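Structures follow.
Okay, so subunit A shows up in both of these, paired with subunit B first and subunit C after.
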Partner chain A sequence: MSGYASGIVAILCINLIFAYAIFVTAAAGQLNLGGAGFQAIGAYAAAWLSSSAHMPANVTIPLAILASALVGFVISFPVLRTRGVYMVLATFAFGQFVSGFLLRSPTFGGAIGMVVADYIGVGALVICAVVTTLLVFFLMASRLGLAIRSIHDDELVSTIMGVNVRAVQVAMFTLGGALAGLSGALYAHHFSFVEAQYFNSLLSIYVLLFVLIGGTQTAWGPLVGSLFFTLLPELMRVGGSWRYVVFGVVIVLMMVLRPQGIVTRALVARLSPRNWWPASSRAATRVSDAG
Partner chain B sequence: MSEASATASFRSLPVRPILLAIAVLVAIAVAIFAGGKVIAQQMVSGLMLGSIYMTVAVAFTLTIGVLNFLNFTIPTLFMLTGMVAWGVLSRGYLSVAGGWGWLLALLIGIAVAVVASLIVERFTFRYLKTRHGDATEHAIPLVSSLGFLLIFEHLVLIALGSEAQRFPVPFKADLYAFGLVIGLPQLASLLLALGIVATLTYVLKRTRMGRALRTIAESPDTASLLGVDVARIVPVVFILTGLLSGVAAALFTVNYGDVSPFMGEHIGTKAIAAMVLGGLGSVWGAVAGGLLVGLAETLSIHFLGGDSVQMVVWGLLLVVIILRPQGLFGASAIGKAKL
Partner chain C sequence: MLLEVEGLDVRYGRTHAVKALSLQVADDELVTVLGANGAGKTSLLRALQGLVPASAGRIRFGGVDITRMSPPERLRQRLALVPEGRQIVISLTVHENLLMGAYCRSDSDVRRDVEGVYDRFPNLAARRDMPASVLSGGEQQMLAISRALLARPRLMMLDEPSLGLSPLLVERLFDLLRNLRADGLAILLVEQNTQMALEIASRGLVMELGKVVLEGPSEALASNDRLAAAYFGHAAQHAG
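Presenting the complex of A and B:
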């Protein structure tokens, strides 16, 4: 594999795990516009443990996941007091606060950034991305996944049906923190360098776009979204600055024509092998477009 | 009857603006008394910067208050005004206007921002009726506005380049009062910004158009039942958004004399902070919040150094949005219907 291709694969794996981090909260009905903050916590935890405490990557990555999961757990309680546009703003403020803190903190190198000692290759990234994807697919197929989907569609009805909405949302925020931390730790160890300026608001915005354009109804959404958004700019590299304009136009058109995202439950049902032969009686799985 | 009218005339007094003015004057007096001239000078600069934040924050708060929509194109409209004004001026299209070319250029920039804002309206709000009824639905216009952010920013980068540019303003005059230096353009912009906000408050409170806007803020469905033509009134919000962002950018350009394709990002995030401090949907809250953020920024640069601004402002904001989502000065109602 050439250096260029392996670079793209690495970014794709990191983006995919990061997108699943935002997806698990969005699937339970909350928008997190502070994703870069959680990713930065994972990346800096791994970088600090690796460079200052001289730990190997197989120790720093679990600890980094733990750190960002803990932050996700703690921050979920105040953040879940808010909803709608307020939650978007609260998580956005959290992300900005974290990158502001890292920029200011001398322990973490401030504006200069940190060099990460231990290097991990693309292979490990691909394994992590595959495991994460399988984990989220399993999660969405489980009983907890059913609860997540019901909260996504209607919080009030879920409460009436006996779903502990608060517990599920806290769990998803914690899991989201953990996955964002994993993506950050992998970023730090693969690229061997972290700086606070990388984890800016634009990164949070992009990852939320991956998830919302991909679709929040099924676990296919982030997979399609991050493939689409990572590969499309690469394919259009010839276009120079115009590719971002095209990118913006695609986003606007998507919201006009298909606001629920590329992949919906109805689409998955239509494409599933069970429905390849419509004459079969098993094809009765009808899911409306409203999901 | 007389009692009722007495209450009414009392309530029509502009209490909040008066309180705000008193608070600002007291703060400056205390600062001169306690901290000396350096602090007072910092506060004056903070207020001037705050007047720019304030105008942009009013644009944000208006869109959230009426349409419940966090419009991420506002920073881009701000940037668009400055860059378009520089573009038409530097290419010499306005040499016929003589010494007033800079003013004409800024007016053209504002007009472009208004048109761009209407394009955003066409593609975000016309289609909001597509309701698929789940929890992330309110993000649809937000995501479209992020798409427009990319489009406008990169069109400007293609057409005008990525460098910061000097915008020539022919006058430079400072006023010396109480031993403080006050730039005349800065003072003019503070007064102009306050004037715009006061006019906007009047329009929202007293006119037919304002009542229609407030009805939509309360409930779009009820508004259309009561005969408000929602599809015709919503563009007004976007015209005002473009106008406010454009005027703020024109004031910024005149004050600081330079423009860049990235000038909107810094202003935009500070304006969001100002809006949250003042309470979402509250126009006078955004005014107070804007001035407060301007002050907090210059004072924290003075006391803590430039790097800490981001941390201080956003940390404060996170606390406010969680503990007092209605803002520091807001009424108890949350979110909508507070104009």
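Presenting the complex of A and C:
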């Protein structure tokens, strides 16, 4: 694999895991616009443990996941008291706080950033991305996944059906923190350098776009969304600076033409192997795009 | 007594929605709560399910004090609510909605019980893998009731289930409730359709401005002038 191709694959893997971090909270109805903050915690935890405490990547990565999961858990309590646009603002503020803190902290290299001692190759990133994808697919197919989708639609009804809505939301925020931390730790160990400026609000916005435009109804959404958003700008490189304009137009068109995201449950049902044969495709084609 | 409510008070800020209400429902009894809009009937059911806190009073269910329990805990005590406006989860399929009904259960009979629902309502079986949003109003109500039944309740509370249904579907709904009661399920029914509710209930309560103003056997209530006053007197006040 060429350096260019392996770089794209690495970014794709990191973006995919990051997208699933935001997806698991979004699937339960919470928008997290502080994704970069959680990713930064994972990246800096791994960087610090690797460079200052001289730990190998197979120790730093689990610890980085633990750190960002813990922050996700603690942050979920104040954040879940807010709703709608206020939740978006609260998580955004959290992301800003983290990058601001890292920028001013001498322990973490401040504006200079940190070099990460232990290197991991693209193969490990691919394995982590595949495992994360399978994990999220399994989660969404489980009984808990059903509760998550039910909460997304209607918290009150979910409560009446016996779901402890708050506990599920806290769990998803914690899992989201863990996955974002994993993506950050992988970033740190693969690119061997972290700087606070990278984990800015634009990154948080991008990852939320991956998820919202990919679709929050099924675990396919973030997969398609992150592929689309990682590869499209690369494919448009031939167009020079104009690619940003085209990219913006594509995003606006997506939101107008398909607000529920590229992948919906109805689309998955239509494309499901069960329905490749005419006899059983009847039911799927009658499924409408709900929600 | 299966359900015993004593001196229940519900307040939302300055609004006093339910005032010192007492109520009993025996095993396999169907009790109806009647009253005009804003009488506090929905607030009563929400407080019984734990969706709003009781500001005073005590709720005992099956001999257990459930006053401070969360809604999921009450459901595990097998007290279920069919909320107003049916409230099915529209982006889940019919089948997934039914599975949500059994969410509180951990036994292995869920699959059999869901199949039982499909036997009872072939319309639901035909649409099992479609989003619940494609169902008609009557089918949605059947789904909402079936979903509540999958929690295997000892007492099922229904909030105006006949709302928005055609007369024919209302007949079928009340037939279903009559059958469920005959099968031994206790039912607490909040209704606007006074006449039909009193036909299937053994006892009734009439609420007005958060209080029980009239209580007794259905036959006695059906012929009581105060019942009409509870609706029309109230309506007249609004009109004036």
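Assume the second predicted complex is superposed on the first by the 281 of 291 C-alpha atoms of A that agree within 3 Å, B and C clash if a C-alpha of one lies under 4 Å from a C-alpha of the other, contacts with A are read in each partner's own complex, and residues count from 1 in each chain.
The rule is short, and it goes like this: contacts are C-beta pairs under 8 Å (C-beta built on N, C-alpha and C of every residue); 3 or more make two chains touch, one makes a residue touch a chain.
Values in this document were obtained by computation on a predicted structure and should not be read as measured data.
Participant: Have a look at subunit B and subunit C on subunit A after the superposition and call it: clash or fit.
Facilitator: fit
Participant: Per the contact definition in the header, classify A:V157: touching subunit B only (first), subunit C only (second), both, or neither.
Facilitator: Only subunit C; A:V157 stays clear of subunit B.
Participant: Between subunit B (first) and subunit C (second), which, if any, makes contact with A:R143: first, second, both or neither?
Facilitator: second
Participant: Could you tell me if A:T82 is touching subunit B, subunit C, both of them or neither one (first, second, both, neither)?
Facilitator: first
Participant: With both complexes superposed on chain A, which partner does A:P56 reach: first (subunit B), second (subunit C), both or neither?
Facilitator: The answer is neither, since A:P56 touches no partner chain.
Participant: Quick one: classify A:L212 as touching subunit B (first), subunit C (second), both or neither.
Facilitator: first
Participant: Given the touch rule stated above, what does A:V256 touch, subunit B (first), subunit C (second), both, or neither?
Facilitator: first
Participant: Of subunit B and subunit C, which one touches more of subunit A's residues?
Facilitator: Larger number of subunit A residues touched: B.
Participant: Using the touch definition from the top, say if A:G121 reaches subunit B (first), subunit C (second), both or neither.
Facilitator: Touch status of A:G121: no partner.
Participant: Using only C-alpha atoms, work out how near subunit B sits to subunit C after the chain A superposition, in angstrom.
Facilitator: 8
Participant: Check subunit A for residues that touch subunit B in one structure and subunit C in the other, and list them.
Facilitator: Looking at subunit A, the two contact sets intersect at 152-154, 217, 290-291.
Participant: Where on subunit A is subunit B touching in the complex?
Facilitator: 26, 29-31, 78-79, 81-82, 84-86, 88-90, 92-94, 96-97, 99-101, 103-104, 110-111, 151-155, 201, 205, 208-209, 212-213, 216-217, 240-242, 244-245, 247-252, 254-256, 259-260, 289-291
Participant: Going by the contact rule at the top, pick out the subunit B residues touching subunit A in the complex.
Facilitator: These residues of subunit B touch subunit A: 64, 68-70, 72, 123-124, 127, 130, 132-144, 146-151, 153-155, 157-158, 269, 272-273, 276, 280, 307-315, 317-318, 321-322, 325, 334-335.
Participant: Which of the residues in subunit C end up touching subunit A in this complex?
Facilitator: For subunit C paired with subunit A, touching residues are 49, 51, 70-72, 75-76, 81, 83, 87-92, 96, 99-101, 103-104, 129-131, 133-134, 147, 151.
Participant: Could you please specify the touching residues of subunit A with respect to subunit C in the complex?
Facilitator: 143, 146-147, 149-150, 152-154, 156-164, 217, 265-266, 269, 283, 286-288, 290-291
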